[in-house]
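Letters A, B, C, D and E name the chains as they come in the text, with residue numbers starting at 1 for each one.
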Amino acid sequence: MTGVPLVDFLVVAGLLFAIGLWTALRRTNAIMILMGIELMLNAVNLNLVAFSRYMPGDAMRGMVFALFVLTVAAAEAAVGLAIIILVVRRRGVVDVNKVNLLRG
Amino acid sequence: MVGYAWIVPALPLAAYILHVFVGRRLKERAAYFGVVAMGLASVLGVTILVQAAGGASAHVSVPWLQIGRYSVPMGFTVDPLSAVTMAMVTVVSWMIEIYSLGYMHNDPDFNRFFANVNLFVAGMLTAVIADNFLLFFMAWEIMGLCSYLLICHWYRDSSNARAATKAFLVTRIGDVGLLAGIWWIFSITHSFQFSQLAPALHAAALAPAALTAIALLVFLGPVGKSAQIPLQIWLPDAMAGPTPISALIHAATMVAVGVYLVARTYPIFQLAPGALVWIGYIGAITAFMAASIACVQTDIKKVLAYSTISQLGYMMLGMGVAGSMVAGMFHLISHAFFKGLLFLAAGSIIHAVETQEMHRMGGLFRKMKATSITFIIGALALAGIPPFSGYFSKDPILSAAAASPYPLMFWLGVLGAFLTAYYMTRACLLTFFGKPRDQHVYEHAHESPAVMTVPLWVLAVPAALLGLFAAGAFRSFLAPGYVPPSGGPAASALTLALPLLGVLVGALIYGGGRTAFRVAAIRALRPLYVFLKQKWYFDQLGLALMYIALGVAWIVAAFDRYVVDGIVNGLGALAGLLGRATRTLADGSAQAYMLTLLLAVAVGLIALQLIGG
Amino acid sequence: MPVDFGSVGPEIVLAGTGMLLILLSAFVAKERQRPLAYVGILGILVALALSWADSGATGTALAGMVRLDPISTFFRVTFLAAALVVALTGLDFVQSRGVSVGEFYALLLLATTGAILMALAWDIVMLYIGLELLSVLSYVLAGFFREDPKSNEAGIKYFLNGALASAVLLFGLSMVYGLTGTTSIPGIAAGLGRAVQGPMAPVALLALGFILGALAFKVAAVPFHLWAPDTYEGAPTPFAGFLAAVSEGAGMAAIIRIVFTGMAPLSSSFGVWIAVLAALTMTVGNVTALWQTNFKRLMAYSSVAQVGYILVGLAVVTREGISSVLFYLFAYLFMTLGVFAVIAALSVQGQGEDIADYAGLGQRNPWMAGLLTLFMASLVGIPTTAGFMAKLGLISASVSGGYTWLALFLAVNSAISVGYYWNVVRNMWLRPSPEGAVPARRATSAAAGLGLAVAAVGVLVIGLLPNTFYVFAHWASFIPGH
Amino acid sequence: MLSVAVFLPLFGALVLLFVPEAQRRAVRAIALVFLSLSALAVLLIAIGFHAGQGLQFVEDVPWMPALHVNYFLAVDGLSLVMLGLTALLGLIAAIAAHGITERTKLFFILFLLLQTALLGIFCAEDLILFMFFFDVMLIPMYFMIGIWGSGRREYSAVKFLIYTIIGSVVMLIGILALYFHTGQQTFSIPELARLVASRRLPVVWEDWIFLAIVAGFLIKLGIVPLHTWLPDAYVDAPIPASLILAGVMSKVGAYGLLRVSQYLLPSAAQHFAALLAVLGVITIVYGALAATAQHDFKKLVAFSSVSHMGFVLLGIAAGTQLAITGAIFEMVSHGLVVGMLFLLVGVIYERTHTRELSRFGGMYASLGSGGGILGFAAMANLGLPALSGFIGEFFVLAGAFTVFRTEVFWAILGIVLIAGYNLWMLQKILMGPEREEWKGLPAINGRELVTLVPLMALCVLLGLFPNSIIHVLHLPVQQLVAHLGGQ
Amino acid sequence: MDWPLVVFVALAVGILFGAYRVATAQVVTHAALYLAFVLSLVAGMFYLLQADFVAAVQLLVYAGGVMTVIIFAIMLSELSEIRAQAPQNVLQRLMSPYFGILPLLVGLLVFAVIMVAVLRVPWPVAPQAAPADTVTLIGNGLFQTYALPFEVASVLLLGAMVGAIVLTRREGSDR
């Protein structure tokens, strides 16, 4: 693992985070937004694991943190999708901008 | 008895209180109590005068108010000046109250009339014997109030109400000037006591200009109250009140209290010679101006009103030039009697013929003997024909004016005297002699009842004889060791000749049937006649000032309603507008919220990076 | 070494009750689930008692995950009190909507546990997990009324924005872990101390930016607040109260824990930022509220404005500042929950949620109108109410801390706030009630009555005898490093 | 004893809560009972009060030790005078509240709450307690104007509330800044006064704090730039509320100036004295001019009240013994006079249901003794001697003459204008030909007389024997003047 | 040949391309597949970083679990219009904040800021000594230091599950 410096991982993670952000903002379909958020969380995990691997200090913490992020992401996705399905079933549309009953 | 001087004002005050609380039930009988009280007061007043003449005097004061280190005592003082005036006021007021019993008989507001009269007399008497400026000013304002209430006695006619408001406002302007004077003096002397003012001011060694300013400010009060130029516009309108009131307030007493104030605070004026010159000029001009206007008046009460202004002008002239208040004061006392007499006589004529227009009178001599004779006695005294009191009180003033370094004052005075004689002759001829011009009025004329004619005769006595007997005694009593300046024989000759000349000219124009000559004379002096008729355009000046004040008031009110309120509401609306803008931010789409969220994070990050820790 | 869970007793009781309710609600039919609510309330009370009992304990526990200190006791008591009031006043409302009461209360209790854990957290992982427990369940609770389209919309909007914010927070936390190599807050403070001097400063600031942004979202500070109005309006009313009091409080606790303690070395920079955030939040919150017609939406903007006031206390990075913030949070919970309780009680009786529907309430229902007037007066900051004492504390902290301009901002804002708070009161007392108005009140249930009473007494007692609460807040405001 | 007097009305309000709305008479009776009891308590305090000593009936109990705030009530000459005025006007306003027919129970509850706040503020010796009462009186007054008012009542009520709240919050900031800069850990006024007497605060800060504190009081006093709420509030409030608003609440501003800003920040007070004097005079002339142009009788009285407050401010700004005593006297006399005027507005409104001056005329006969009383009130309003108004104005201007000569001359213009609109009002209402529509109006009845006669009697009593009040004011004013370094 | 570098580059390119496709895929299901592809590559990255347990969990939980949930959601929502809407005219796309420039701008902005901060910092080049056995290490961590977060995570999962069920179960009232 000699060749790859930490900064490369951070750049990839940063870029992945930015793309995830771009997806979340760009899409009107709720599920697509969720995917964007999943990408961002993956970027965070990448960061964490990379830091735990390269930075001095307790490597375990980073990985455990990543694991927790995974589980939470799963739970969040589950609830999120449940809500999205509920909205789709009620309002027949998944386009977030159509859902603007509440405004002002 | 001198120590009980406070009882004199207390009696009419008691009458007032009786009228207020019990008057309505007792109806006209309540007035009798008032008259009796006034009688007692007159007796007491005269005895005090006699004792004062014997050298007695009193000064009683009781602590009334303590603010910090200033103590303000209240009290009364009996000295020659106050004793004389008090006596005159009590007698004249008594006569007028008796007269009013007849005049105001079965008037619906009889009780209110007498209540106000008694309050007024109490006020006047308190002012006369007050020993300090504060009590004096309080009484001064109470008199203003009573004059206001009595002018609009017949309040149903709104012109009376307007006249009353005008009277009060114009005098108020004067009063406020007096107030400023009082505060200025107080700020220097820290006391209101008349006795202490002059020495304290002298000790303070103020600049002459300041002293003159103080004196003139104090003089502003009398200018308002005694109807001097330019604040004289209210007195003719004040004739709207019942005639006894015109006699009491607007001839004998209230208007004279201004002169009395100048007399009481004369030491202050003596500290400021410049002010005395001012007073002299104002007096002279007022005398001449009022006399000229009186010549063209057709309403008998207006004639007497302008005559009063003119005589007050003389008193002020006396104060200004005579070096002592004696001349002025003596003219005040004598004027109170004969002018009171004239007004009461005019009142009895009006009471009889129900009109005030001289042109509808004529030939009343035969019908109203007593009133006519007393009126004529008064007229002669007023004109200054010897041996009546007018001559003896006016002569020292004119001779002092002649002796003074200001010839204009003398000539205005003397010409005034000529005009006075002229318009009084005109008035007498128009009302009493010649053919009755209005038959209906003539039949209706009848002599007034005794209750009105007796006071006329009583007042006629001092009007005729006061000058002869009391002139010398009065001068030595009020100002021992004072030598009145004399203007030389020419001046005294003139003061004698001109009134006679005035009578002659008056008789010439208005005597006999020579109407053609009268019409020609009037047409010849047409422009002068119109100018005088318009009362030298003073009324218009007053109205103009009033409209300016109302205009400014309206502008201020509009400014308040629109501009100041506008700004406040504007600020409120601004908050609203801001709210509307931020409200559109939340337009309902989750996408926009997320975008704003992340944009904010991005901006925050950049700012932190740039500015940093 | 055995892990002693003793120190988190109250949280265990609360979570346990929550899970018990899930079990029970599976067996009991929806219509007869009212007693389950009482079980939930009992759970809260027990937790409250427990947390009061061991308020003296200080020191870290559970391998540094949790720190028991005065401030954690304070937050425990505040959140449990808020949960109690929400539980009491929400019962009728939830039941009237024909939804499974047991499940609602279960999720409510679990969410409260999450909030408390966030306040106790002494480790960023623990804090994250607590935050997520609170947030995820909040998304469900926001969308709990399935038939009501507004509730669905509230749910989805809160979820999307929330998930995004938690991703942003995570990225910040990962950076912090990267710099300091540890997840325990004291460790981070030490690590950052070294990092800030060295070349690592930019990344530290980056992390601060991400974390501040995410937590600003959580407390709904402007410009991160856009989710709040829609969520408050759409969500079930008691839950909206919960959001305003507990969820926002938890956000404040997180800020105090991470930013004030964890990132203390950067303290010179975030003081000014929080002041700017405070001024912006106050003004926008107040000004936008002027235009609201829906009462719950108005309360959303009101809570945004109130957050602005609280941030003033935080901006003054002194102990008085923190103690005035804690006092304000405690006082604020009673006022806001009081208002939401009244809205809930009235909508159970069929009254609409628009301000116009409140017209003439003074005549129709004087007691309810009187209570609402008291709460509104407290929100404006009129004396004899908790609001006045809370604002007094804030102003004195900001004046003594040298932020006088912020105090003046607060003054102007409280004047603007009169515009909309008093608009409601004016409607109630000065306007005649519309024709189809709800007839005179039907008796509210004992629970709702008790909840309202707790809120009203809270507002009055803090308003008239604030001393004990000042002492409590001051004692609680001890933070290492300040 | 003092707390009893202050909190009796509040206790009455609580009792009223349980009285059913229907018994309107019982509600009124209870309210009157409690108000008269509280007035009696004030009377007992007055009797037990010794002019020479400083603060008496002291009740100093720690209330918020954490913030060094005490529940500190005490009475000195100034407070006693104001307490008396409040108790009296409160009682009279309650009697005059017969016009309130719907929701009377709520009205009297608010009224009693307001009365407690007003009594409390005049004897509060602790700055925070002072602020406490200062704000508490807002809510009842807001509702009184809002619910029972007339015309644009809601607009005026909200305007009143916002104006005063801004004032109070800015003042709160000022007080807190004062607290921190003295570093004395106390809010008690006598304590701070002792400190100020010993050494001065840094001037820069003191000016700023002074402005913050004075702003609140100037709004309450209705001084020109900050007065726009006053005419609306006075006009749109029901008669009893206008009576309290004009009679007592505006005095709170003046009392505050005397008790807090002039007393605790003397060097700043001297620094701004000229500004305050100019503002005072502008208010006098502005108020008088605006009053002259009004068509509505009540608005005329409102602007006249603005103008009179200008005198009070001029007196306080002058800072001499005479001027301040005059200002306090003017506060009391204005309370009585404006009370009478508002009651008379009510009397006429109840009969003619209009306040348009142009529609009145010749009502002297039909009003019976009411006409006389209106004349009396107008004369008292324009400061006729032998009535209390004159003494107040006279000594304010006499005292101010030494310090602000040009301002006094402008104030004199104000006095003439005041005389002008008062007489114009009398002329418009009482005089002139009697109009058809006002024939056969019921004369003034017993209940109205009961409210008016005591005020008239007091007016005359204070006019003739002002020493009865001034001897009590001697010590407090002397302390204040000593502080200001005046004479 | 420096194997780890080559593998890293390959994985990185794969991840970023996949992410880009997720962002721009017209069809939701395509996006979902690309997402699954990205997730598995990230697992590879973890493996590259010797975090084998995490890589395994990533594959199992994310690639497996979450993806299936997302696929189900897509199916369940019975999308009539599977394809994303046809793009309006270019101007409209540019102007509207959702489709147009703004999301891209924000994404770039955030990326730029991260890079500015990260690149200025001297990160270590070489990794630390690889831990012998990551599983025991993580096991200890999970059940010793992070015991409480572990328990709370379980409560969270339970809550999320109950919540999801409550929201989406078919009730009599639904159709």
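Everything that follows uses one rule, which is that a contact is a pair of C-beta atoms (placed from the backbone, for glycine too) under 8 Å apart; a residue touches a chain by one contact, two chains touch by 3 or more.
None of the values given here were measured: they were computed from a predicted structure.
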Joint neighbours of chain D and chain B, given as chain labels: C
Furthest chain, CA centroid comparison against chain B: E
Identifier of the chain whose CA centre is least distant from the whole-structure CA centre: D
Distance from the mean Cα position of chain E to that of chain A, given in whole angstrom: 5
Chain A and chain B, separation of their C-alpha mean positions in angstrom: 98
Geometric centre distance via CA averages, chain D-chain C, whole Å: 43
Distance between chain centroids, defined by C-alpha means - chain B, chain E (Å): 103
Residues of chain B engaged with two or more neighbouring chains: 572, 583, 586, 588-592, 594-595, 598-599, 601, 605, 609
Overlap residues in chain D, where contacts from two or more other chains coincide: 162
Residues of chain C touching at least two other chains: 125, 129, 132, 136, 139-140, 143, 146, 155-157, 160, 164, 168, 202, 205-206, 209, 229-230, 291, 419
Pairs of chains, among all present, that meet the touch criterion: A-B, A-C, A-E, B-C, B-D, B-E, C-D, C-E
Interface residues, chain B side, partner chain C - complex: 572, 575-576, 578-580, 582-583, 585-586, 588, 590, 592-594, 596-601, 604-605, 607-609, 611-613
Touching residues on chain D, where the partner in the complex is chain C: 63-67, 103, 106, 128, 131-133, 135-136, 138-139, 142-143, 146-147, 153-154, 157-158, 161-162, 165-166, 169-170, 172-173, 176-177, 179-180
Residues on chain C engaged by chain E in the complex (per definition of touch): 3, 5, 8, 15, 18-19, 22, 62-66, 100, 103, 106-107, 110, 113-114, 117, 123, 125-126, 129-130, 132-133, 136-137, 139-140, 143-144, 146-147, 155, 199-200, 202-203, 205-206, 209
In the complex with chain B, residue positions of chain E that touch it: 97-98, 102-103, 106, 109-110, 113, 116-117
Of all residues in chain E, those that touch chain C in their complex: 113-114, 116-118, 120-122, 144-149, 151-153, 155-156, 158-160, 162-164, 166-167, 171, 173
